[in-house]
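Have a look at the structure that comes next, please.
Should a chain be cited, it is by its letter among A, B, C, D, E and F, assigned in written order, with residues numbered from 1 in that chain.
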């Protein structure tokens, strides 16, 4: 830019101008607005995913636990936002380059550079700090929603909410800082575009440790095998899946972090396609797999297949072609039923299938990055998966055990039979219909 | 007076109701029940795991009729509810000692 | 601008240009497109709130009245749009500065200045008139939806719809013009950014007068106290709340009315954060309050808490910090259960809790503006709340009484027992499930 | 632009510059980003319509068929995307001017011109090719969803999905190319802005041929007339309608295909208004019609009325004034109940009312274009309706008959009585509630 | 011991329960049923087509009482359930041979 | 023949069904009912207002068995349904005069 200044002449200037709109670049403040708008629009799509989890889980639990899962999902999204404001953001992004943990301080936007008389909008890469905060915030609740789904129908309300505080305020931001905050993991070459590992596996690991410590629902596994406990409403589960699918455009698309140039716009568009095609691949793979292996199409596996496809592409939604995205998602769609069967064998009770979709496909998606992105190596991917897995397993195990010791985490058998809605909330989700 | 309890296949409710009307039945009460019998419930699949659904949806008819109508009602139900396939259901006849129409306090056959 | 012209030299010009993208301002037509886009995107989010009210109310009424509430919500949104087109917009915005009522005329967009050969896009503050109309229109239905929720399960369909015509075509636009049209109230210094008073309290007052004139549902209040009539579907009520939460980003964010500069983009981003944090504060406050006071978490109060938080921040979603927004919303979340209890004591029957959420929190939010916005005074806020309150109480009372005299507004006791779906529509919302 | 170059002088240049933001035009890359953003935002709204169809249909079928309709709707959207990627897009847009069929090849984005060192962004009319693909793709599933609704409760799952492959991979793209690809029909002067004919009627014709070949549900029509089979959940049907209404802003608004200038922004805004007002007109017309003719408001007809209004305006959502849009939609809202009655008379069983809404209103909307757009003639509109109608009738009839011959398309009577959820999927949508 | 089966209007359940409590009934079982009788179901309209809903929602009470309480229970139900409008329902009395309280294995009147 | 009506706790349905199968019961009909007894319904809270839910969910079994099986069936139910906690339910035995299998028109014990 500076060199250009020295050479510039009225004529050159003229040339630049008369080339006209055809190739005129996006200017500083305009790029700032575009980038901000991207965060806001993609952010509200991700926020909408909270409703998706609420509906998916409402449909997948039995009616006697539906009101409780609704409380949890509303509370999760609220708590995640507050915790991220009060402590999480700075813990994640107030980190030194290559560091291990950010600072304990409350976040506040710094708009000075943009509102000054002589604003500096950088090289088209600036945005309203508040829009970035908003976009980062909506991600946090996702990890906690995953836990909620796995542990439904037997966990006590308040201990669960305390775990959510720990997860969203500390566990998630600390490991998030390692990579997205520019900490040690990002320096080690790990790559996770929108969070197959940083968001989905984190939720998945916390769910898995919770499921192991909490145990299965009474009657779910008997000596003779596993007894399914069908969810109360398939259309709500389907609605939830569509909501998540929609929200995922924001999840992955917004993770491009910029829209203020043709290159960024092209990237976001490609991410939209790949996000969609991976989900489509997951659906079709699960459709065919369940028909061939189970003899009948299994709706809830197909729904999980969509989510599995989405999680699979989340680590690298930009590099693949559409066809590659179909395949990456399709593998996710097959991993789902395999993992469901494996969990059944292991007598791990995951009510909504969150572990297959978010943990298993999260790992797969992360490891698959080098297949389409040559700048990334398998070893750095394995390092990231392992490091974050270990961190979340250890911290969440500690959190679960402390909660177990102090308050207990599981409702009594009697309360479980009556349903959490009656025992924990003293109400019914469908007071007129249910009798079970 | 007798109480006739009939367990039938749900989709036979309308034909049976019509058959009963045609033999002069003026009141009956139905409820949704689940049945277990020779016709076994099917195996359903949920998330890859099979499980037996032991009970099948049935409809339960309960109607109190005067003694002289028992046979006609019984036959009407059998004819209308029959599909010749397993699971068609049962008819039971129980003695009733008294009946009252709440609205008028009429009792006996007049209450039916 | 004109002075600049006189001073300008090729060199200065050069300087301006070579400063390059880093600080180049958004240009006229670009700002025009940004502003228009803001209205459209935020507008469709607000439109989506119509679905939110429909689901919230469907979940909160008993199943025998669900189809009727669905009819009402679809009809409300349709009627509001038509009335605002035919008469409302001009009644609201065709008003003289400091005036009391706009003009009776039909709206039509005037795009001449922007489509001329030498277009004038102002100072970055112009937009497609149709996009503004669209954004203003989607607000109208909200006020009417509030009324629908309170009066559910006992009001006759057609008289209700006629009231909606009066409310959306006349009551709402007239008082709206006082403030947003630039009428007398705005000159008096009243401040209501996105409508805590102008939209939510208006709906709340109309609902309150309706509830008083219509009376409670049969059996709702007995000599021995109040008898709850639990809603038919908690997941639908939860879904509705999430939809409203999402839509509210549009409600408040779009009320910035411009996106065509960094300053505006920063404002919209801050509004997004505050909107979200106020709802989060409302949820957490309601969670804790109901646990402590009722001994159990109450899902429907928590859902109301989210909405109460949102209404509370709507009068001033820009000035507060995120922390202040949490507190403002948190107060709303506590006002909700207090108001619910008070209404019960007063034997005022508000089926979905719209009066606590929209009226009580609407007043609170309006009065709280001076706490974070030093340009606003308490006295002007009280004036606005009182003036609009008085206007809506009087006009809606007149409307209700006229309807009562001519057509009657309440269904017969027998019809109420049978449910409005059967008596008013001759159908059932859940024909296979219900038996109650 | 070229002429301007020859005349330009430093002074003129200065003048142009100092006029400043007020009338500065949108520049090339900025327009590129705006256009791309339009496709992405409107595209995700259209994607959301898949959820709308799923919910509308879930609400309109009996509970014993709800899980199956959920499977179908998820599968449709997934398959449509894959087929459009693999073959559809190029078949539609890889067509010669005035041609009859595109090329059989897989689509890939060509971003070279925009990412080069000297990018060429055209005259503000360029966009990321991937964003265009995404927007075109989301349309495809709509046509198939329409078919799913009509044929619900009796069609076999896999044969239906194979039909979806044929429809989305071949029938839709081929006829779409005739018009939107620039093929023979567009040269013949046919006009269909967003697809009243190209999308909705196509789905409608395929549904109609399917309904005729498949036959009515057992018991639906008896010698004594028609026996309604009420849908299981009115709130889900209402939710679905609101989702479709929201999605339609994307459907019509995105079909402007550009946002990078004031003129385009004004057009998109006008399209939003007209889309909304047509739906509102359809709702109010259906409300009044059913009250007057049936003696009671009919919720499902009112919901269809909204969709009928939307389909009616889709062929020309830009030219009408808001008032004209209300009328065009209002006619649609009256055509719906008339068509419902006619189908009943003809013993054609259309479970969700897709034929009235999408086919009948699709034809009406297409024929109505010349009423507000003087550049379009009735004869060319009739030609388009007839040509596409004939093509879809013939091709889908062939497809249905081949499927019928090879796999059969209809479940056994016993399976139909048991419900498709049990017979096709071995599960229940509401395992705890249903007993019917 | 007798089993009293009463079919009543759903909104009368609470008054009837209270009336029964006041005559000393300590246990009863209710279910949601649909009834067909003199009170005909109404005509509903769906998508413009009328159809008869032949069955109306009713509540079925089933309670087993000792012989000496039959009359009091019967009268309590009649009084509390009556609206004098058609469809008020019926009361049937059936003989019962044995009763057991599962928890304690008590039998006879002690089981009620 | 006797009709055995048993009111049990819902989660005991499966054990009871298994117990009945093991004593040779080949058919039964169940329905969802609500019960009122010594076990009082709990207090629920809705929007801050408490209210009594007087009825608790129960399952009602109805099975007709030949006279010689009554005792075995009775004991099987008691054993399988017992939790020793209040609310376990009741068993009632009613006389049945006739039974018919609709499918075959068989009557008497052969119909069961």
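Some points to look at:
Assume contacts are C-beta pairs under 8 Å (C-beta built on N, C-alpha and C of every residue); 3 or more make two chains touch, one makes a residue touch a chain.
Quick caveat: nothing in here was measured; it's all calculated off a predicted structure.
Common neighbours of subunit B and subunit C under the contact rule above are A, D, E, F. When subunit A is laid over subunit D using CA atoms, the rotation angle comes to 120 degrees (nearest 5).
Computed from the mean C-alpha positions, the centre of subunit D lies at a distance of 53 Å from the centre of subunit F.
Here the CA centre of subunit A is 48 Å from the CA centre of subunit F.
Put simply, the C-alpha centre of subunit B and that of subunit E have 18 angstrom between them. Annotation for subunit F: residues 31-34, 44-46, 94-95 touch two or more other chains.
The set of subunit D residues touching two or more other chains comprises 10, 25-27, 30, 37, 41, 230, 233, 239, 296, 298, 425-428, 430, 433-434, 436.
Working note: touching chain pairs come out as A-B, A-C, A-D, A-F, B-D, B-E, B-F, C-D, C-E, C-F, D-E, E-F. Listing the residues of subunit C that touch subunit F in their complex gives 225-228, 230, 290, 293-296, 298, 300-301, 337, 340-341, 344, 353.
Across the complex, subunit C is touched by residues 10, 14, 17-18, 20-27, 30, 34, 37, 41, 45, 62-63, 230-235, 237-239, 241-243, 245-246, 249, 253, 259-266, 268-270, 272-273, 276-277, 279-281, 283-284, 287, 291, 296-299, 302-303, 306, 321-323, 326, 430, 433-434, 436 of subunit D. On subunit A, the positions that touch subunit F within their shared complex are 417, 422, 425-428, 434-436.
If you check the complex, the residues on subunit C that touch subunit D are 1, 4-5, 8, 10, 13, 16, 25-33, 36-37, 39-41, 43-44, 47-48, 50-51, 54-55, 58-59, 66-67, 70-71, 73-75, 77-79, 81-82, 85-86, 106-109, 111, 114-115, 118-124, 127-131, 133-134, 137, 157-158, 161, 233, 236, 239, 424-433. Of all residues in subunit E, those touching subunit F in their complex are 3, 17, 26-31, 62, 64, 94-103, 105, 111-112.
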